[in-house]
Every structure is written in C-alpha cells, then in structure tokens.
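By written order: A, B and C. Residues from 1 in each chain.
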Amino acid sequence: MDYFAQQLINGFVLGSIYGLIAIGYTMVYGIVGMINFAHGDIFMIGGFIALISFLVLVSFGLTAVPLILLIVLLVSMAITALYGWTVERIAYRPLRHSFRLAPMLSAIGMSFVLSNYSQIAQGARVKPVPPIITGGYTLHASSGGFVVQLSNVQVVVVITTVVLLAIFTWLVARTRLGRDMRACEQDQTMAALLGVDVDRTISMTFVIGAALAAVAGMMYLLYYGLVDFFMGFVAGIKAFTAAVLGGIGSLPGAMLGGLAIGLIETLWSAYFSVEYKDVAAFSILIVVLIFLPTGLLGRPEVEKV
Amino acid sequence: MSSDRILSVDHLTMRFGGIVAVHDLSLSAERRKITALIGPNGAGKTTVFNCITGFYKPSGGTMRLTHDDGREVWLERLNDFRIAKQAKVARTFQNIRLFPGMTALENLMVAQHNALMLASGLTFLGLIGAPSWRSAERRAIDQAKFWLTRIGLLDRADDAAGNLPYGDQRRLEIARAMCTEPALLCLDEPAAGLNARESAELSALLLSIRADQGTSILLIEHDMSVVMEISDHVVVMDYGVKIAEGTPQVVRDDPKVIAAYLGADEQEALAVMESGT
Amino acid sequence: MAALAPAQTHASRAQGAAFILKKALISAFVALVLFSLMIGIRTEAGPSGQLIYWTRFGELAAMVVTVFGGSIIVELLRQWWGPVGTIRIVPPSVQKALAVARRAIAPLLLVFTFLVPVIFYDQRYILDLAILVLTYVMLGWGLNVVVGLAGLLDLGYVAFYAVGAYSYALLATNFGLSFWVCLPLAGILAAFWGMLLGFPVLRLRGDYLAIVTLAFGEIIRLVIINWQSLTGGPNGVSGIPRPTLFGIPLTPGDDGLAARLGIEFSPTHRIVFLFYLILAMALLTNWVTIRLRRLPIGRAWEALREDEVACRALGINTTTTKLTAFATGAMFGGLAGAFFATRQGFISPESFTFQESALVLAIVVLGGMGSQLGVALAALTMIGGFELFRGLDQYRMLVFGIAMVVLMIWRPRGLIGHRDPTVFLKRSHAISSDLVKEGHG
C-alpha cells in the first residue's frame, strides 16, 4: 500500500510535466489543426535554457534559491516562447492554408533542426546538475521499513504546475486574447471578419504553448537533474499521446491525459517492467482510441453527410 | 397498388441526444414511381435519407425494401456500405460528393466497384491481366459511356470531376449512382443551385431513368416546379413528422402544407401556390 | 502623372530599403535573444562531473550577423520573385518543350539506372549509394500506396521495414532458410502486421491515425530492443547470410559464381548483384502499384482518399479497402526490409527509428503524393543530397531538417503535383493537384 502511494506521488509529478507539454500540443491543434512535431524539442530547448541560466546565475554568486528559481523560470519562459514564435513564423505560417501534410512535414523537419541545433550548440553529452532543491517530508513510515516520501522538488513541480494552469485557464477564459483564441478555433475566416487579428492570435498560441513547455523543461531539469538534446522526442511523443488520450483540443483533457500517462508509466515500471513502460503507454493509447476515438474529454466528431 | 411498394418506412424515429429529428414517420415509395419528400428547412428530410441509406442508425422503426423478385431487405439491420451493395439503394448528396480529383469516367468506374471486384478475381486475375477481367473492364467502360451520353457529358469524360460546371457535377453524381444499378435511387436536392433550363433537363433525365431503367426514385427537393412536374406521390414533412401526402395536386392545395411553408418561409410557400396556377 | 511615376517608384524603393533594413534588424534582434544562451554560452560536464561553462560571444556575434545578412538577402529575393504563389507565365513553346522533357525523364532515368553498374563498376562508393537510393525508392513506392493513393497517414512505416528485416534475419540465422524462401515470407509477415495495425486504426481519422501509427512504430522498435532472447536486443542480429543467385553463392570458393563462370572473383560482383536485385524489387513494386491503380481496388483506394462518405454510398467496403492498402504498403516495406538485412549482414534496432519513417514520408510527400516518378526523384534528391553533406557529419541532420522545411514551403504539393487518370476514352489529361484531395486518414 505504501509502495503504491509512493508510486502514485511519483506518477502524479511526472504526469504534471507531461500535462504541461500536452497543453501546447492541444492548443496548437485546436487552433491550426496541425500536430506541432517540434513542440517536444521546444520543451528540450526550455530545459537547456533553464540549465544555462541557472549556471550563469550561480556563477554570479546568487545564492537565494527561490530567487534563482524565479529568475530561471522567467528567463526560460521568455526565451523559449520566442523559439515557439520563431518556429511558427518560419516553418508554419507560410503553409497555413496549404495541404495538410505539408505543415506536418515542415514540423518534423523543424523538430530535427531544433534537436540537432542544440546538439551542435551544446554537445551531445548528457548535462547533469546537482540537486537544486533538496529535502522533503516523510509522509508515512510503515513497519516493513518502506517510507513514503514527498520531496520538496515534487512539491515545487506540482505547485508550479497548478499555479501556471490557474493563470493559463484565466487567460483563456477571461481575457481578450483567450476570446480571440477560442474564436479562431471555431472559424478563422469569421474571426478575421469580426476584427480578430488571426496571425497574432495564432502566434500567441505558439508563444503560450512554448512558455508552458519551458516550464515543463525546467521542472524536468529540477526533478531529474539532467537534460540532453534527445529528450524532446520521447517526451514529445508521450505528451502528444497524453493530448490525444485526453481528447485533443481540450485543455483539461490535456492535463488529465498527462496525469494518466504519467501514472500508467510509473505504475507499469513499478509493478511490471521498466523496459516496457513506453510500450504500455502507447498500447493504452491505442486501446483507448479504439473504444473512445476522440479521447477522454474530446468532443465527438459528428460525421456530416 | 399498395402491395407494390419498393420501400416502406414504418414508425421511423431518429433522436440526437435530446433532439427528436424524426418522429414516428411512416412513408412508402412505390415501384417505378417518383416519390418526393418535401418540407421546410430543418424538417428532417435529410435525416430520413441518412437513415434509409445507412449513414445513421435509426433510434426506432423499420425500413423494408422489397426487390422486384420479392426478396425483402430490412434496411435498419444493414450498415453503411451494405445498403448500397446488398439492398441496392444508391444516393446522391445535398452537397455534391464526387471524387473531384478523378475524371468523370473514373467516377463512374468507381461506382461499379463491387461488380468489377468480382470480375477481377479480387484483384488477382486483374493483376495478371486475365482475358475475363479485360472484357469485364470493357463492359464497365461501355456502361460508363452509356451514362455519360445520357447526361450529355461524353465529351468531358476525361476531365476531372472537380473541374466540371456545377450543373454537370449534379448530373454526374446521378449518373454515378445509376452505375451501381440501384433498385431505389435517393436524390437529395438534385435541383439545388440549378437554373431553370438545367432544372428542366434534370426533370427529363429523372423521368427517363424511371421510364427506361425502371428505377424507383425517392427525392428531396425544394424546387417545386421539379416536384410538381415529375412526382407521382408527394410526402410533406415538418418538424420531424409527416403532415400530408398524396398526389402533387392534393398536397399543393392542402392548407396544412401551405401553413407549414408560410410559417417557415414565405418564398417557398408562394412557390408552392404559384406552381399550381 | 508621367513625371510623377518615376519619383513614386523611387520613393517606394527607398521605403522598400527602409522596410528591408527594419525587418533585418528585427530578425537580428530575435536571433540575438534566441542564440544568447544557447550559442553564447557553452556548457559541458567538467572533469569532476561538475558542470562548467564558457562564453562564445564571437560565435554569437557571427550568428547574429549571418541572420541579419540572410534576412536582407531573403527579402531581396522575395521582392524580385514577387509575392508567394506568383505564377510565372511560361511561353507555350517552352511549355511544350518541358512537357516533352517530362515525358522523357522516366525512360531516361530507367536506362541510366540499368547502366549504373557498368558506368561506375570501379566506384564502390557510388554503387553503394545507388543501392541505398534504390532501397528508399522502393520504400517510398510502398508507402505511396498507403499515403499517396489511399490517403491514410502512416508515421510508423519503418515498423514494417523492421518486421521484414528481422523476419529474414531470424529465419535465416535460426532455421537456415535461404533468401529466396525468406523474401516472400518477410513480405507476407509484414503484410500480416499491416493488417494487424490496420484493424484498430480503421475507425480513426487524420491525426489520430498519424499518432497511432507512430506509436505502433515505436512499440515495434521497443519490443525489438527489449526482447533480447529473440532479437538480440540492442546488439542486433549479425551473421545474416548473403543472398545467392538462385542457390549459387557469390563467394570466391569453388562453387561460387565466379569459379563456375570461369572468371576471376571480385567482391564487386556481389555489389552489382545486390544492385540489380534491389532494382528488380523496386521495379516490381512500381509495376504492381501501376497495375493496382488500374484495377478496382486501386481506384477504390483513390476514391477513398477523395471522399470516404461517397465510397460508402457506392457500396464500397471501406474497411477492407483500407486494410488492403495497409497490407500492400506493409508488404513492400517488408520486402525492402529483407533486402536491407541481406545487404547489411547485420541489423539492429538503431536502423528502425522514427527518423526513417519521417524520411520515407518526406520522400513520398516531396515526390508529390501518388506520383511514382516524383517519389523516385525525391528519393534521389533526399538520399543523394544527404550524402553530399556526409563530410559535415554533425551538421547533416540539421541540414536535412532545414531542407525539409524549405522544400515544403517551396513545393507543398511535391515535385510532381498532378495526377494521371487511370483510364480514359480519348486523351489522358493530367489532373491538377489543386483538385486532388489528400484524404482524411
């Protein structure tokens, strides 16, 4: 039971990270109807920027951990958001009204560009960092000697995720930008006729998605203590799986899907085999899609005849 | 007379969530006759079509199709492609659904898929170019040519369907449906968007299909001149239920019908009254 | 008016210059922010495992200047070319010449391909490259059935390539079956896996299909990595037998082909043999695909791509139609996989990553969906171009990615965008790509 509780905590934390990435996929899909294959790599870039800015700050002699974390968070969100913006501007906007496969391949190409760019710029080796946030709480110690622990890193990851999600939900539900985004999602032509700047709205969607991916990248760095240029691919596929699982286009669905994938992966590793954890996540995706073709919270697609 | 029905729909009900699009509708179509289904927009006509042609699974009711040889098919038990394949019900769509990137001829070849599939020995005979397949293919091309001639598009056989003018696309879609050799042809607003001359041509085409091929036709139509000219029987729907039926003359003078149209759309109601005078 | 016109042009040009400069400055600023940390600072794990960093402001400045200059050049090119989508009017005489040239490409290319081993007999490198290109041509033609004809998006095509390769490798090393027995088996097994994948994805459309096929490809790869007792895991399978010329090995021994023919043995014989083997397999793929397009099944695939609802209304069983497309494409992938295994003599999961799927898909889309010649040209361009950058080892994938983006923006419908009808009465008109749908799957 204790072991299970511990796995639940771990899965929840991992799921938060997947959920943050999945939101970027689902938002972009909702508004331009394409899989942004480069999004996983945007997450990876976010991790790298967090790492570098952290190193620089520490070498400047900054010691207050909360301050460092805040600055790192803001810097990586800002710069990664610019990456998201640039990718959309260069690789997707010229193909906005093109055939469906062209932007998808352009996105795959962009994904290669980003991962190899960071490989060339920062080297192929894994970059480890010493634990930044240490300590934790012992929740429950059983007689068998197994201890359920909640580390401070986990607390930080979950709290950051929840706070950012709250801000983000507010942004989409209550602001002008959010309304424009929802309008573009429904009908871009009509939105443009009503005075919505479609280009700007789509750009902002990419910017927000990338900023959240940067948060995920930083959380990943804090939690696992390492980044490498290849981490975007697998994390990206899983986050996309999460978005599809939750029902693509649905924001709560993305978070729910992220948590589901995180839990499945952790529990599978804990009880069955670590090697097959990804196989489990993908198999469950396939099974879910067979029975619920539009995901957990997706709108059913009514076939117009 | 009432025994020679090709299609009897009984107590058909279709619900979408809480909305009842079609409620307890019964109608029938007679063999070698043209039956029109009319009604204001949103009356549920296309929903009835989608049930008959298997695109929707009805919430209740039965739909019986009786072939010339007396064989009966219960349409609600078949799904999608089987209705076209086994029950021989072909349809066209309100928004034309041709294969735009294929030529007119190819469109008509695709329509003969099931027959050709057998002739090609499920592809294997075709792959080795067996003579039986070659002659079957020639017959299929002749069949396509026959229908292209009928709709006056033989000259454009090798043009992409998507490049044809609108009226030609409408006729090509009907020809494509006829290439499946249907027992019942369901047309969803075939005259929509056609000008007066094209409408007249369409009426002539449908009458000739009924006369020459003996195909029974069920059609949804807003163009009252077409309905009044060619229909043998008219069924009027409003809000998912049948409000009247009978010969075009009877329906035209039915106060309930006029009220339904007036209540829904003045233009259409006027069209109903004018077309009778 | 006449006097004003030159002044206006002049003014707009001056404005243009200011506009270009402003754009370049913005680009340079964006580049500065983007590259500031990623290029300006280089991190590396130090000797004690501690992460260290050093600055590279020189490189950063160079990158920013490059972007500034690049932006000006791109903008000037754009002004010279006109807005995106500008149609240049081509004189009819040139058009006619182009049409003739276009019709001549395929036969010329085929003749040249047959002569490659003769011309480049002594150049092992070129022969190897030609074999590689032909393998991708075959893969492209195979995937073309699924993506180009049936309009079903498959991002996990490499799975069938892997199934074919491992089928041959395992059957040959464990049971000693010959290549010619294993080749059809590999094709059948891959087709079987294609059906297996087909079943769950039949109801899915568009991007759901894309992600499920991608997941399937990854599942196959992960199972190969982890099922060590069967597949050897990450170490792969080695000692895969080389193909024989219907039982005659291409070895220096007494029973080898060279000895039997009474000529001197040369290792090039085997390369040439492999070349003609893959050429024959690719041409078979091409022939079957062209044949299938003219059969009801092929027309049903294309009709499915154009409009699935209309297909159902015509009584076409869309389920079996999709399954046959998946199975046919998978079979060709499996055959190519078996060839890959016998050529390499060694296979490991590393050869079957998502990058391979993306590469083959890029070849199909760049070729122009559905066009056989286009796919061949695209494979030549992509693989050949990829080889040109062999020297720039670590920049290769970067250049490949940039090329994918640029090619898609330049030609979203591929090199050969039009579709040839499968049957005609009088004259076969090519159908413009604007009309051809790309499917919902």
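As a working rule, contacts are C-beta pairs under 8 Å (C-beta built on N, C-alpha and C of every residue); 3 or more make two chains touch, one makes a residue touch a chain.
Keep in mind the model is a prediction, meaning the values are calculated, not measured.
Participant: In terms of CA centres, which chain lies closest to the overall middle?
Facilitator: C
Participant: Centre to centre, using CA atoms, which chain is the farthest one from chain B?
Facilitator: Looking at centroid distances, A is the chain farthest away.
Participant: Can you work out the whole-Å distance between the CA centroids of chain A and chain C?
Facilitator: Computed value for the inter-centroid distance: 29 Å.
Participant: Quick one: report the Å distance separating chain A from chain B, using the average Cα coordinate of each chain.
Facilitator: 50
Participant: In whole angstrom, what separates the CA-based centres of chain B and chain C?
Facilitator: About 44 Å separates the centre of chain B from that of chain C.
Participant: Scan chain B for residues touching two or more other chains and write them down.
Facilitator: Residues 55, 93 of chain B touch two or more partner chains.
Participant: Could you check chain A for residues that touch two or more other chains and list them?
Facilitator: Correct list: 303, 305.
Participant: Could you list which residues of chain C touch at least two other chains?
Facilitator: In chain C, the residues touching two or more other chains are 309.
Participant: Which of the residues in chain B end up touching chain C in this complex?
Facilitator: Going by the criterion above, the answer is residues 53-55, 80-85, 90-91, 93, 97-103, 105-106, 109-114, 116-117, 120, 123, 126-127, 141, 145, 154, 157-160, 162-163, 176-177, 180.
Participant: Quick one: in the complex, what on chain C touches chain B?
Facilitator: Against chain B, chain C makes touches at 288, 291-292, 295-297, 299-300, 302-303, 306-307, 309-318, 324, 419, 421-429, 431-432, 435-437.
Participant: Please name which positions on chain C make contact with chain A in the complex.
Facilitator: On the chain C side, the touching residues are 30, 33-34, 36-39, 41-45, 49-51, 53, 84, 147, 153, 200, 203-208, 210-212, 214-216, 218-219, 222-223, 225-226, 309, 354-355, 358, 361-362, 365-366, 369, 394-395, 397-398, 400-405, 408-409, 412-413, 438.
Participant: Name, in rising order, each residue of chain A that touches chain C in their complex.
Facilitator: Touching chain C: residues 29, 34-35, 45, 48-49, 51-53, 55-56, 59, 75, 79, 82-83, 86, 90-91, 94-95, 98-106, 108-123, 125-130, 233, 237, 240-241, 244, 248, 273, 275-276, 278-279, 282-283, 285-286, 289-290, 293, 301, 303, 305 of chain A.
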